[in-house]
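The following pair of complexes shares a single chain, subunit A, combined with subunit B in the former and subunit C in the latter.
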Partner chain A sequence: MDWDWNFVWEIMPTLIQGVKITILATILGSILAAIVGLGIALARRSENRLVARSIGWFAEFIRGTPLLVQLYFIFYVLPDIGILLPPLVAGVIGLGLHYGTYTAEVYRAGIDNVPRGQWEAAKACNLNGRHTWTHIILPQAIPPMIPALANYFIAMFKETPLLSAITVLELMNQAKSVANTYYRYIEPMTLVGAFFLVISLCSVVLLRWLEHRYGRIER
Partner chain B sequence: MTQWSGYLGLILQGALVTIELTLMGSVLALIMAFLAGMGRVSRFFIVRAIATVYIEFFRGTSIFVQLFWAYFVLPFAGLSLTPLQAGVLALGLNVGAYAAEVVRGAILSVGREQYEACTALNLGRWQGMRHVILPQALLVMLPTFGNNAIELLKATSVVSLISLADLTFQAQVVRSQTGSTLMPFLSVLIIYFALALMISWGVRTLERRMARGLDGVRV
Partner chain C sequence: MKKLGILAGVAGLAVSTMLLASGARSADDAKLEQLKQQGFARVAIANEPPYTAVAADGKVSGAAPDVAREIFKRLGVNDIVASISEYGAMIPGLQAGRFDVVTAGLFMKPERCAAVAYSEPVLCDAEAMLVKKGNPKGFKSYEDIAKESSATVGAPGGGTEEKLALNAGVPRDRVIVVPDGQSGLKMVQDGRIDAYSLPVLSINDLMKKANDPNLEVIAPVQGAPVYCDGAAFKKGDEALRDAYDVELAKMKKSGEFAKIIEPYGFSAKAAMSTTREKLCAAK
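Up next, the complex of A and B:
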């Protein structure tokens, strides 16, 4: 077991290529998860019992099964019914859908935390359903959720290596291909680990700040 | 239709490996959770420091990276692990780090008066922990432990990438042998979901049994 710094510098450009894709996938996945989560949370509150129930079960199913198998499902099954997706798009959809079911719970808790009086006030002001949501409920519900949402986005970031299984050339895949080419596993794998550790330690600081900034509910 | 029965047998074999991994991983995770969680509330700085480093390290890097590190890098350090050993080690240490925070939170959630009562009864630190604090804290931990076990079950799917023949791996085998995609992946998703439901049902039953006799004690 010997650590070779020259080798580290040699493989660095390849790894940085992978880092870019990893970050891109995380950002796109987070945006999708934020939207999907809101959609699921709103659908579960729907007046239509059938819609609310079936969406609820669907979310439960996605949360109870592994992301890796879901990625395979999107990547291998969808082309059979004529939907051909590039690997990165399939990966982003998988991440967004999987974490969307988690963020839905955050939205649900956030919406439930808006006091009853606000709903009644909106009704008293004769606002319709859409205006109640966009002007009264969501602006009050979303800021306190931000730390919890960020927590899930960081968790998603740590799951992006799974995308390598569906041939997305992100950090883990680049590291694996480097390792297989030179048959040296120590440097690439350790660098990947160090990269994730550094980012998630930084994100702890970011989370503290977010909690301080948004976490308290002003009443 | 006859050929499917053979492939279904393959998938069920995979299910056995997945269950085996989940059980062994959970045992290791439980041990690590109590060691590290109680380490976090220790009197001694050095114990607290070691527990914190362990928790931050394993929560900060993703399970996938840890698994690859255990499987590909440790052999260079002279420690060769079989895929099963590497899988159990990575899963147990990773989920143990998450569960350790649950143990710590539950211990801290036990009221101050309970600690004072221990002192009043002249119990030692260990005696108080064993007979007064932990029995109450255990009930608080249980629901979150159930969630952690489901996370562990889902995480077992990554061991397929170090060629351990679990459910996900067998689904890929069936896919490559039959060219059919929907049947293997859908059946595997359903098996994972059924296992997750079984875990949450088991934990709920256990919680009910343990809560017996504590009526009126808990607020």
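Up next, the complex of A and C:
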């Protein structure tokens, strides 16, 4: 158990490469999750029972299976039917789909929170479905759910080490390969923890601000 | 009275010196005694046939664990209990006391010799590459992969092949760390990597199981040396290692060693024609 600062500085550039990929995967995954979640939430409210049911079942299925299994499936099984995705793309799709099913619940709660009177008013003003959603419902529904969404994105950030299982060279994988080369775990793994902690703490500050800014529902 | 005190002091010193000496001796043997008492030794393996293999029923075989099992039996330790580990995690795991010995085809190289106490050589093999049929990119060596600017090579993380590829000048982002043999095979089949590198016998074993006519083995890889592994013990367990070496030498002499490893395709002669000293000094 001896900590070697020289070794820390030596491996730092390698780990920073990994941090970049981790952040990239989180950002792309969050964008995808935000879009997928909205899509699922809207589809579940569809008039068409078949669409609502099948999307609902799909979301339950994704939420009920581990992310790691989904990643293996996307990376190793899909090529058998001709879908060959680069590791990072496969990882982002895995994260985006998985967390999309969670954010869908956030969207659902947000939408349900818009008072019924708003729907009726929209109808009374003779707005069509699209306009009702884009001008009346979503602008009122989305701000209060921003803090909850951001919470899921921080959770997703902490799940990115799973991508190392499908050969994405993110922070965890870089740290493992450093450990493999120098037979030392203490510095690389401590640094991985430190990186995650620092970024998470910064995100928490941002989250507080978001809560302050959007958390109140103004009516 | 004073004299007596001095006498007692001297005697005490002598006794304590003797105790110290015998204490050091018994500390050396303590590891073996402890293994004997618990009845098994914990070994690290990689599940990479024919070096190490775990059958569907959980039975551990492969050339390296078979040799270790026999030697431990002769040392009075009845059985071995194996845990599967990545190559890169073996030495740190050994140092952390998770295993008593690594018997996994962990090839001897100077930097590993500095980190662990190796036994005399056990299994020797050259390096090979698995590629698509016809070797479309014409690889013969790791340097060929380095030259081809879009080529990628898969190798076990922390394995010899990963380091050989990196040393040959293949950039880090084109050396893909592959978790296990089956994944590597699949990645070559899917075209995710252009070549997958493992020792010759491991690649042959994978090929035999996959039975895929669209793949081809290049062996041996040009410029890559023949390596030998040994059982790797924790630094400080040299006494156990020396006891292990004695039994290994006996088995090599009697021909029992060849009887265990040759059915797996390894050459006993190759292991007997070299020594730990030579392999650890080699560049």
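To be clear about the criterion, the second predicted complex is superposed on the first by the 219 of 219 C-alpha atoms of A that agree within 3 Å, B and C clash if a C-alpha of one lies under 4 Å from a C-alpha of the other, contacts with A are read in each partner's own complex, and residues count from 1 in each chain.
Assume contacts are C-beta pairs under 8 Å (C-beta built on N, C-alpha and C of every residue); 3 or more make two chains touch, one makes a residue touch a chain.
This is a predicted model, so every value here is computed, not measured.
When both complexes are overlaid on chain A, the residue A:F61 reaches subunit B alone and has no touch with subunit C. When the shared chain is aligned, subunit C comes close enough to touch A:N180, but subunit B does not. Of the two partner chains placed by superposition, only subunit C is touched by A:L84; subunit B is not. Once the two complexes are laid over each other on the shared chain, residue contacts for A:G193 go to subunit B alone; subunit C is not touched.
In the superposition on chain A, A:A165 makes contact with both subunit B and subunit C.
In the superposed model, A:Y76 makes contact with both subunit B and subunit C.
If you count the residues of subunit A touched by subunit B and by subunit C, you find the higher number for B.
Looking at the shared chain after the overlay, A:V19 reaches neither subunit B nor subunit C. In the overlay built on the shared chain, the residue A:L201 is in contact with subunit B alone; subunit C does not reach it. Common to the subunit B and subunit C interfaces on subunit A are residues 76, 165, 176, 179, 185.
In the complex of the two chains, the subunit A residues touching subunit C come out as 76, 79, 84, 87, 165, 167, 169, 173, 176-177, 179-181, 183-185.
Within the complex formed with subunit A, the residues of subunit B that make contact are 56-57, 59-62, 64-66, 68-69, 72-73, 76-78, 150, 153-158, 160-161, 167-168, 171-172, 175, 181-182, 185-186, 188-189, 192-193, 196-197. Taken in their complex, subunit C has these residues touching subunit A: 86-89, 91-92, 95-96, 115, 157-158, 162-163, 172-173, 176-179, 183, 186-187, 189-192. Every residue of subunit A that touches subunit B in the complex is listed here, in rising order: 1, 61, 64-70, 72-73, 76-77, 80, 158-162, 165, 172, 176, 179, 185-186, 189-190, 192-193, 196-197, 200-201, 204.
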